[in-house]
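Okay, so chain A shows up in both of these, paired with chain B first and chain C after.
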Partner chain A sequence: MKYDVVVIGSGMSGMIAAAKAVSRNKNTLIITKGQGILPLTTGCIDIWGYQVNNPKAPALNPYEEIQRLAACKPEHPYARVLDVLPESIDFLKKILKNSGYSLTGSIYSNQKVLTALGTERVTALAPESMVVKDFARLKRIIAVGFNRYPDFFPQMFLDNLNTIIPQAAKIPVLIDLDIKETVRSNHLSLLLERQDILAKVEEQIRVQLLQHGIENKHYDDSMLIVLPAVLGKNPGSQVAKRLRSNFNTQVIGVPGLPPSIPGEHLQQALMIFLKRQGVEFRHNSEVVGDIRENGKITYLSVKDSTAIFHSVEAGSVILAAGSFIGGGLTAKQDSMLEPIFKLPVINPRHVGEDVPFLSLEGQGFLEAGVEVDDKLRPLKGIDNLYAAGSILAHGNYASEKSGLGIAVATGYKAGSLA
Partner chain B sequence: MNLTKLQIDALNNCVKCSICVNSCPVASVNPQFPGPKQLGVDWLRLAQEEQSQPIPAVDYCSNCKTCEAVCPSGVHVGTLNQLAKSNLPQRSLGMREEIFSDPSLLGRFIHIWPQAGNMATGLRPVKFLTEKTVGISSQAPMPAYSMKTFREMLLKYKPEFSEIPKEVVYFPGCFTQYNQPEIGMSLVKILAKLNYKVIVPDFKCCGQPAISNARLDKTKKFAEHNLDILRQELKDGRELIFSCPSCLLTFKEEYKNILGLQEYSAFTSSMQDSGQFLLNHREQLAALLRMKNAESAKYAYHEPCHLRVAGQGTPGLVLLKSLMGLDITPLEAGCCGMAGSYGLKAEKEWVSREIGNNVKDAVTNLNPQAVITECGMCSVQVNALTELPVKHPLEVLAEQIKA
Partner chain C sequence: MMVVNKTKVMVIGGGTTGVGIIRDLALRGIDAVLVEQQDLAHGASFRFHGLLHSGARYAVNDFSAAKECIEENIILKKIASTCINNSGGLFVQHKTDRDEYIGEWLRGCSEAGIEVKEVSIQNVLNENPAMSRDLKRIYSVPDGIIDGARLVWANVYQAMEYGARVLTYTKLSGIYTANGKVTGAEVINTLTGQKSNWECETIINAAGTWADEVAKLTGIELNVTKNKGTLLVFNQRLTQKVVNRLRIPDDGDIIVPHHTVTILGTTSVNTDEPDSAKPTSGEVQILLDAGRELFPEIDNYRLLRAYAGVRPLYAGNGEVKDDDGRDISRDFRIFDHAHNGLNGFISLIGGKLTTYRMIAEKTVNYVCKTMGIKKKCQTAEIPLVDSKRLLTMDGKVNKFAVRYGIRGEMIQKYLQQNPEKEITLCECEDISFAEVEEVASWKSTNNLDDLRRKTRIGMGTCQGLYCSFRSLGSAWNAMKNKPQHPLRQLVCFLEKRYKGQKSVLWEAQIKECELTLGIYSTIFNLERVEENSEV
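Up next is the complex of A and B:
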């Protein structure tokens, strides 16, 4: 059977590409070795983080900065997708909303969200459960940790917060759910779905706050209750909303070390959407090569988990196989490789260039990848192969704060053209 | 410790991202279960340096293999867990594991007098006793046994072929053989219309239940017997088809990865899901369908974990949706929790039920008339959770074939 569009990879870029293709009534198949790295993200969509003319300052309007970037760095992936950038973000918001994952924010301004370390993070779109209204007006911040849960320490969070929100009173709270083992985020997120457990959590928060002289009458919008980002098992979870309305305060969940629950929610929300739209999936399968005829790719060679080879007929192909973690790119001692189509991989930075690990520029190898033309085609002479996401060269998600933004915009464009 | 290629790959490729732990259905409901990374990969690393016993909690791994399907680095984490499990010191009596590791034993036994068997497994005092003595949960849903086995039905079935039929080999699996022969009969009838004669040799159980019950010696015996059959039957381009995803996965993958039976490699490319086999004949099949009926029944589809990891897509869903035009919505709610005999065990029944709640909630939200799934034990669980009829895609398809 022939598919109009075959997408390689089920990270953000591949899933958006498939969503766009199926919305154009293309018969679409995703072939994917594993899940993408969405669960490693915070669940926030970074689009652009710093000012192009003044890299030390955070970007206020990502879209304007990207226009500036495109003018001076035409090889950057964003420069190839400027034409569809705003609509691609709207598209993402719409389909996520469909599965209950509501994103707040836009491409025209950045916002600040808090992390589990008590630091701030600049991002463009954040799930509702992370958004704080007006840091400056906060009078009380309550940080809620859980006994035997190692990913959120209320006191450390609050200590670090002193530099960002100095004016607010800060109170740590520790909840005991009577669990003897170390508690993981996925278990905690499931527990909080249960009404009885949530009631217990609420009760313990109220009792401990009372010991600090905080009574029911003090509960209002100037009070912020901070939990780790484990507010519910599914993307459409109501846990944050329930807590907000029960306490009548602001309530957020802050992301900590990966993997994160909001990142997992993003993954689930997109997957549910795609399967229900009729996108077919071949999980646990790896694309290993292709057959070309007259300037077109006609078949993909696919290896399933048993090393059986299948060939899949494709009208067009979108390569969204990610970078080094997912295996879209592989590194040998001194060379980098794109293993499926053997596309040339370029590394704009000098290998071995000395960059401090946590420097603003990020690690050089992040910019390595494949180069594409304005239609996202990586191979001269082959006009039905497109590439999207972190496999593209010249982007650097760590320093630019551009990871999922690039994945969405390039995925969307590839899905529109394929 | 001598490492196999699979184990070396696992050690080299795992980037410790913990995505597998995050997705493991058992780990998310049971805090005592450390998850696939620690039990499989980390333990393996440790075991090389010192003679260490596997972590006993690995017994709680259901072998659903969700971890394998999500791992971005292609590590066979679930398989590593089964290998670790088989290194656990065996439980003293282990009668329950003996029973569960070969469903055909119980099947043949109950088949002597199915009414009595079904009644007995449903009786409260019997349930109570089996829980206390053997450790089979009194709460868990027991699969019902059919009055006639698939083989008995097949012997009676004499299709007429207009021309000399082509041949295809079918592995029915224990659930079709003893519990739900209608699945296999549906397939046989559809294939007869496509001019295929179905050959069902005297296979033994695929051995998946024995893997999950840490009885690899049994799996090996079954695999060797089945291998002999394949040597005789899979010639002249004949293919081997399955209606049960777990049997397919075991033949295709576990015989090689867990038992190291490399001879199977010669046959794996001839194995496929029966839905895929039918899809390869989609034009002829479309001509056999009755007029699309106006009924607006709404179905939900539950994708069995083992079908997902088998890496052949969801052909049954495609058949019903694109070919038959049914209103069928994928639940995409993850593992149902049953995992073969896992959910029948007294100490694991609660884990299984908690995992299944996800499927239950998704079904409640969709409110379908019936649920469709390929896996027999999934169907037992989904039926118990939702009280809805649960069917195999082949059964639904067969109903729509012209007489």
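Up next is the complex of A and C:
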């Protein structure tokens, strides 16, 4: 059978592209090798973090910054999608809501989210379970760690927080769930869904706080209880809400080392939506090449998990295969490639550059990728191929804080055109 | 007022040579202190190949070196067994290697007392299927694999137990003399800037690549050739034994499996900048080209990192033969600067890791003679970790004693008190929370990078992706009281790990690097923390 639109990749860009295409009544298929970066992310949608003219200062309004960016860097992926930018973010919020998941925030302002390291990150949309009402009014911060859980360290979190929220008293708490092996994020998030376990956690927090002279009467909105971001396994989980209402304080889960439960929530919510809309999936399948006729791709060649090859007939194709992690780009000793269509890959900043690993200008290799025109078409001469997400050249998601924002906006536009 | 400390002998330099000397002095009961400008083993001793030479490599070109190597090889396997994997080594002749060399080589080995046996190519290929089919002959030799960092620390822990003092991040800044004789030294703590004075009778300059700078403090010129060697680290064990190329020593001749990785090296080029020696992409290519002849699939193995070490070579008496330094004997020389009119100041240049104990013995023998001390060397008899401590109650080898020498006991104790800390912190190298937390609390651990050299966190596949965050977090209370701000330590750690990956950023390694950036830049926003606060 023939699909109107075939999307390669099931990261954020591929899923949004498919969602948009299916909303236009296109018969849509996603072919995907792996899961993409989404389950590793914090679950926050970064759109644009810092000011174009002063990369040390947080951007107050990402949308305005991106307009400024487009004026001075017309090759940036955002410059190709200015026309649909706010609309694409609304679209994302709408489909998430449809799956019972919600993100707070908008494209017109940024917010600050605390991390498991005790640093703050700037982002546009965040899961409710990460949002703190007002840093300045916090009087007490309680950081809750778990015995044999290797990825959250209350004292480190609290000490680093001193530069961000100096006024609040800070108290570490350690929960013992009496488990004799390493507890991983996935396991912990499942455990916390259980009423009895959650009650045990609550109880231990209260007892330990009492030892610090904190009694029930102190529990109010100026108190923030911080756990690692493991507050429930499912996207619609009520764990954070339950803790909030039981304690009558603010409660958040802070993102840290992958795998990330909030990242998985986002992925699951999108997946639920797509399946409901009738988008088809071929998981564990890799697109390895194509057949062209008269300047159009007609068939994709697909290798499935048992190494059997199939061909898939496509009306148009959206390449959303990601950067190096996803496999949309690969690097050899002396060159970079786009392995499916052999599109030219440009590496704009390379040539002997020597910047520190962590720096404001970011690592050059993240800016490598394929170049596209205003319709997100990478190749002159192929009319029905579009590219979206981190495979695009010239963006630098790590230093710009723009990853999922670019994926949403370019995916949306590709899905509108394909 | 500056405090004045007293000792008899001060040793400069915390590489294998320096720690060998401090151990030797301590075992003879001579009061001594060692100062090292950075962490121990930060110079060549940690950035080397990990090969315990049998001497076979030198059998043709440097007979005395070959002899010394095999003698020390046997001694070290006895006294430093915890730091050595007695794997054995192979010398393989590729079809492009000259036959004439073999006769000479066999003769050299036999005269030096190196046990060589021809082995069946088929058997070797069965055990090491990744090896080339283009091999003509293979010989086995008693090479071994040695963990440089463990060796250094094991020497130091024992020396300290015998009363020696060891000061890391301490740089010699001045030498006091009176009447043509050393009377003391001024040292400076490189982390705090604090200075202190020492009275001493003898200073032994074992500063390796930096030995000329040390000598210059007294106005004495010392000729040290600095020779850079680049090595590649692969993410798996390509062989079980050390593999050497059976030919006149050249680039990329030696392949050493090490813990979970394999190290291929080395190149050889003289350099003027020992502090900033970096592998070049040309060197990486040279090594891959050489490695490909023995391991045809080498380009398909995941390359973790490339690094460069600098060897100090003796270059006196116009013995230098050519530009790449390989023809200079790497044997060591003792210089008594009494010849320059300064008594009590001795410099050492050269030497190999395999012969570090013997160099120390000869040096300390000499120093004893000049100081009129009559005490016998015991370093060849007393093991670094005695069997009582090495074996558990039920006769098994105690893994903490292997990793941490006599300090393994402290880890054991910490674990008994905190049994929940048995869980794994670093999956790549199988290191527990207990190890990291205990080692972090030691005074000689000043930052995450020091912790890495002692525990091997960050050395495996993930190159610190998970374990740098976890180490900092679990040992937070110790790490936050170190001289360097803990987040600064984290940034430096990641930077150093990146430095090694930079010249091999392709295939799987660029993904790993993107992931590390995703975590520390995208998730933790670490580059901005740095900019905005006074860390």
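Keep this in mind: the second predicted complex is superposed on the first by the 416 of 418 C-alpha atoms of A that agree within 3 Å, B and C clash if a C-alpha of one lies under 4 Å from a C-alpha of the other, contacts with A are read in each partner's own complex, and residues count from 1 in each chain.
Basically, contacts are C-beta pairs under 8 Å (C-beta built on N, C-alpha and C of every residue); 3 or more make two chains touch, one makes a residue touch a chain.
Because the structure is a prediction, the values reported are computed rather than measured.
Model built by superposing both complexes on chain A: chain B and chain C fit together without a clash. By the touch criterion defined above, A:G232 lies against neither chain B nor chain C after alignment on the C-alpha atoms of chain A. Legend: residue contacts after superposition of the two complexes on their common chain; A:L40 is shown touching both chain B and chain C. Of the two partner chains, neither chain B nor chain C is touched by A:G405. Contacts of A:T330 after superposition: chain C is touched, whereas chain B is not reached. Shared-chain residue A:P258: touches chain B and chain C both.
Between chain B and chain C, an angle of 90 degrees opens at the CA centre of chain A in the superposed model, to the nearest 10. When the shared chain is aligned, chain C comes close enough to touch A:L117, but chain B does not.
By the touch criterion defined above, A:E181 lies against chain B and chain C together after alignment on the C-alpha atoms of chain A. No C-alpha atom of chain B lies closer than 5 Å to one of chain C in the superposed arrangement. In the superposition on chain A, the residues of chain A contacted by chain B and by chain C overlap at 37, 40, 181-182, 258, 325. Note for the complex: chain A touches chain B at residues 1, 29, 33-37, 39-40, 179, 181-187, 189-190, 233-234, 258-259, 264, 268, 271-272, 275-276, 278, 280-286, 304-310, 322, 325-327. Across the complex, chain A is touched by residues 285, 299, 420, 423-425, 433, 466, 469-470, 472-474, 476-477, 480, 486-487, 491, 494-495, 498-499, 505-507, 510-511, 513-515, 517-533 of chain C. Those residues of chain A that touch chain C in the shared complex are 37, 40-42, 46, 50, 56, 115-117, 119-122, 147-148, 150-153, 155-156, 159-160, 163, 181-182, 255-258, 323-325, 330-333, 356-360, 362-363, 365-366, 397-399, 401, 403. The residues of chain B lying in touch with chain A in their complex are 15, 17-19, 21-24, 27-32, 35, 68-74, 76, 252-253, 256, 265, 268-269, 271, 279, 282, 308-314, 318, 321, 329-330, 332, 354, 358.
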